[in-house]
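Each structure below appears as structure tokens.
Below are two complexes that have chain A in common, paired first with chain B and then with chain C.
Up next is the complex of A and B:
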């Protein structure tokens, strides 16, 4: 199968997956008892106001009609209007997605920059005291809840030693996010910590596995030094599972973003999703699910492609 | 596996580590120079006010739908467009604050069937006079679009206002469909009027010419739609010329869709509440934790903490804050679902409701669970403030806490304790039996759908569960977000699938905030819009009606006494609206128990 055919097939699969996700989520949301009106309008809303809200939002129509209307609007790029924010969902996502992407991408890049060499170093120093120390620290970072870690960082680095602000940049635009880079340090450090722990463990075991392969023995017999072998041979081969893991980590990143956004007052996608779920804001929920589904599908697709770039055997396996 | 000996590894690891550190350092950037952990205001010309956690302002127009007209949006709107009658608690007690009103007098006719309002000599920010035509404009818009208006209740304003006649530029008379209690009319209806700049807003499109479109119902609908559509463009709030013609002490300087609102003093303001602080920053917070962190780092001048953190008050006072509980003009309760197919018949028995109420130790709940930040409530009138509406019957708690008396009361009505839970063993209608509709073998087992996300509420529910069990009443707790609780516990009939709920709780921050005159028409009137449990009592209906139509406070006191005795809901302690932390030096204001904020009253001590 050619690469373009493979990509086309994956693209069609992605569309099918996203379609199924929207059907399931739409059905589940609208099967919730009571509907969203009373929650949105508040305890003081009158019966007429509830009736009017339901009518304006099309909630009185049969479910399948509502779904097809939603789908029709979606195909025209219209995700609807939020019940609670008084804004179009597209606008909300345009404002918030870049913020979450900045957070998650920086967090992932920093985590990988640290985790990959750390994992390889641990493998090279297997059973050495530094390996034990790094392993212990990794387990602590992995098992510490994100909100707890964030609070500790705030107390230490914002309140006790006032090095960094306790709040992430709060502006509406991406430019305002970068206007105060210091404010990004604690949220990124909080998110990166557990990711460093996870990926350094993956990298360590993957490196150890590769170090026991015949090609390493051959390279060694050919006179290659330990460092050269690690850099030139083991590094690339050890990356394969890490790259695969990265693709599947996209939803986890979004999930983690929620806690970080809540703690550091950073209104991004994670928080938008959470608040929508809390306030029965169905259109926003659907919009968020759509974005996360697309991100997950694209993430896994990119991971697959990168895997085949790193490891030609993966590409060969598709033919 | 053979050991790998690294030839020159350190440089590479060092390089990688240096890259990582460099990246972090890059992010740290100007941390030393920004000093952003310090208070961002620091100036006497600025104040940073923390909006409630998770609230994003999304509306500034003083007219709109129920989804838009929430308390905090309303507070912002009122700083831009002053109400005709500002009836609030900004002066320490709930009263007409004439300094913040466009009207200077409201003279009721002796028969109580009309009122003549006098406007002060005031001008819009563009220099044009504020006249009775601006009041008429508001009235026409509301009358033609009442179904869309968030404050509309059938039979109330504008339905009960038959005419509004402008006698001259500063006088107008509103005639009612019958005589009303003057205080109620002033506090609950006339206070809803917002004179709007007719000379700028009376058009149907941006390019349209300002005319008298509001004078016909069809035209008024078009104007309403135009204004409401314009108000949906949040991004244009600070630039749209429509929103520049104001009457209030502040002008909108910026309105970020992420929630930050900046108000600057209106230099053209000629009213009695001139802004004393030039710039007001209303700051949004994603969570209470985020807001508390901001307070701790000094970034907020007027913020809040949770009741559970009250024992850390010293850590805030040592940072120059004063802790000021902000009581609400509210009551807190758990509605019974009188139409529940299983427990409805039990809830309809007054003795059963008395037994439940006697099993709630409100004094201990207020002191222990709420850390002293709640006030016991025994009836439908708020008790955190002194008022003339409160009856002595309600004030004196007609059903003091006693689980032994509660159990004895149940047993005297045909209930027997079996395995710690009361079971009806003597069904029948007589006074020593369980009551009409309660079948033999019915267990006194209730369940509540309670608001989630609050440790205080969770603790209160557990405490109530424990005390009810002492009276032999089983109480199970389910939780859901507040919006879900409201959606899942509507007024219903027994045959409806949604009528399975038995008790509902949505009062973590108080269940019901009243207008200044605390009538119960929505809450406890038969078929009232917010009468979730379908409570119905003809005597109560009559007294509620009387409280709004008769003069004086006798009727509302009678209403207070009747509902304290009849227990339409389980009365619970009413928590403070907010536990504020206020920077020392911020003075000159009282916290409005109607839950509004009034930036024009804030000032920094010199």
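Up next is the complex of A and C:
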């Protein structure tokens, strides 16, 4: 299969997935108690208001007509109006999504920069005490709820030893996020910890697998030193499955952002979503679910494309 | 002369000298020290939560405000919470809920994922394509977001909670089982069965599923670990079991404010319990994977 054909197929799959997501979100909106009218107007709405709203919004039309109307609004970038903020939801999300992306991308980059060399080092030192210690620590980091990890970090590095603030930067603009870098340390560390745990494990097992390959033995026989072989031959080959896992990890990153933003009061999409849930602002909730899902699909697609660039074998017969 | 193969004898001696299947499995499992520790931890917590209350009597139903917010002492080994419940007793009481809900939700997710993955992989074609896009869509919507939307609609009881958790976490096992089914359905013995007129149902229930058992068991173990973690998140999000009942996640979120007043005993024990049990199930999963030689995850 050629590269463009592979990319075209992945793109079509992504479109199909986004289509299913819109059906799910539309279904959720209509399964709210009292229907979308009560969800949007709030619990205090009178029967008359609901009736008026229903006829205005075309909610008396057949469901499939309503779905296509909804889809039409989406394609125009219209996600509806939040009744707690009294603002366009698209506007609310446009203000906050970049902040969440900055946080998650910083987290992912820092985590990978630490996890990849750590995993390779563990593989090189297999069954040495340092390998056991690193394995145990990553098991614990992987098994800890993110909010508990964040709490422990706050207790240790903000309360006991006052190194970093326990509140994330809280300005309106994207630039204000970087105004106080120290305030970003704890939120990023919280999110990066479990990602380091997961990806150092992947890198370790992937490196171990490659170390037992023939080409490594050949390189050894040719007189290459251990470090040289790792850097020159094993590194790139071991990286491929790790990049593949990156696609699967995108939803985890966004899920983590929800908890981290709430815990550190960071003004991104996660906090917007959390606050919307507290005030039952359903249009905002479902708008966020849609945007996060699309972001996840796009993120997964990018990871797949990256992987096919690194390893041409991927294009051949993979679904 | 030594080249003469004596299958009967070889088989016989293998049975006598070599360990049998289950013994070999136990030997392989116990070689993974983390897995053995994990099993011990799970057994410990099951005894602690289910038999512990018989030894260590506490009142977890009535509040005792006169005894609220005490530090660890002789009469309350892990102190008391904001309404005077004994924290050690609460750790047992909440652990029961965490373990039962986590186990039930993890198993439910595995069952749904197994059926979905087996059907998609076995039928193939456009049915497979559609079913797997549904899985992709499910994975694209992070579970925590869906759970928080549900929590804004209503507060489920424990049974509904298990169902909800099962229905947001079956996606990964369905992918694993599908991959397994894809490789199994074209094996000679399945093709032979079909050629002599055996039904699809028979092929799935007699050949594909039994041969996937190892994959399913390993997936289920990891799934239980994930579910116990998810139960903690769910309580943190305010969707969990309702007071006066509690679980470890509920204890954690109830103790959140205590962090700033130095009452560590309200969050550290329940947090460590969650980590230990989740670690333990993950370690057991690792060990079982060694036993069955299953790939993936």
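Everything that follows uses one rule, which is that the second predicted complex is superposed on the first by the 272 of 319 C-alpha atoms of A that agree within 3 Å, B and C clash if a C-alpha of one lies under 4 Å from a C-alpha of the other, contacts with A are read in each partner's own complex, and residues count from 1 in each chain.
Just so it is clear, a contact is a pair of C-beta atoms (placed from the backbone, for glycine too) under 8 Å apart; a residue touches a chain by one contact, two chains touch by 3 or more.
Since the structure is predicted, the reported quantities are computational estimates derived from the model, not experimental observations.
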Checklist entry - Is A:219 touching the first partner chain B, the second partner chain C, both, or neither of them? => result neither
Next on the checklist: Taking the superposition on A as described, I'd like to know which of chain B and chain C A:301 touches: first, second, both or neither.
Outcome noted: neither
Next on the checklist: Just to be sure I read the superposition right, which of the two partners does A:17 touch: chain B = first, chain C = second, or both, or neither?
Outcome noted: second
Next on the checklist: Contacts for A:255 in the overlay, against chain B (first) and chain C (second): which applies, first, second, both or neither?
Outcome noted: second
Checklist entry - Is A:154 touching the first partner chain B, the second partner chain C, both, or neither of them? => result both
Checklist entry - Looking at chain A, does chain B or chain C touch a larger number of its residues? => result B
Next on the checklist: By the touch definition at the top of the document, which applies to A:47: first (chain B), second (chain C), both, or neither?
Outcome noted: first
Item to check | First, second, both or neither for A:32, with chain B first and chain C second | outcome: both
Next on the checklist: Quick check for you: in the superposed arrangement, does A:285 touch first (chain B), second (chain C), both or neither?
Outcome noted: second
Next on the checklist: Just checking: does A:163 make contact with chain B only, chain C only, both, or neither of them? Give me first, second, both or neither.
Outcome noted: first
Checklist outcome for this item: Going through chain A, the residues touched by chain B and also by chain C turn out to be 32-33, 147, 151, 154, 159, 277-278, 280
Item to check | Contact set on chain B toward chain A in their complex | outcome: 1-2, 4-9, 12-13, 16-17, 19-20, 23-24, 26-31, 34, 36-38, 54, 56, 58-59, 65-68, 70, 147-148, 150, 152-154, 232, 234, 256-260, 283-287, 289-291, 293-294, 296-297, 299, 453, 481-490, 497-498, 506, 511-512, 522, 529-530
Checklist entry - Considering the complex alone, what residue numbers of chain C touch chain A? => result 34, 132-134, 136-137, 139-146, 148-149, 151-154, 225, 229, 232-233, 236-237, 249, 252, 256, 259-260, 264, 267, 271, 274-275, 278-279, 282-283
Checklist outcome for this item: chain A contacts chain C in the complex at 13, 16-18, 20-21, 24, 28, 32-33, 135-136, 139-140, 142-145, 147-148, 151-152, 154-155, 159, 248, 251-252, 254-255, 258-259, 273-274, 276-278, 280, 282, 285-286, 288-289, 292-294, 296-297, 300, 319
Checklist entry - Which bits of chain A are touching chain B when the two form their complex? => result 32-49, 52-53, 83-87, 91-92, 95, 106, 109-110, 113-114, 116-117, 121, 124, 147, 151, 154, 158-159, 162-167, 170-172, 180-185, 188-189, 208, 211-212, 217, 220, 225-231, 261-267, 271, 275, 277-280
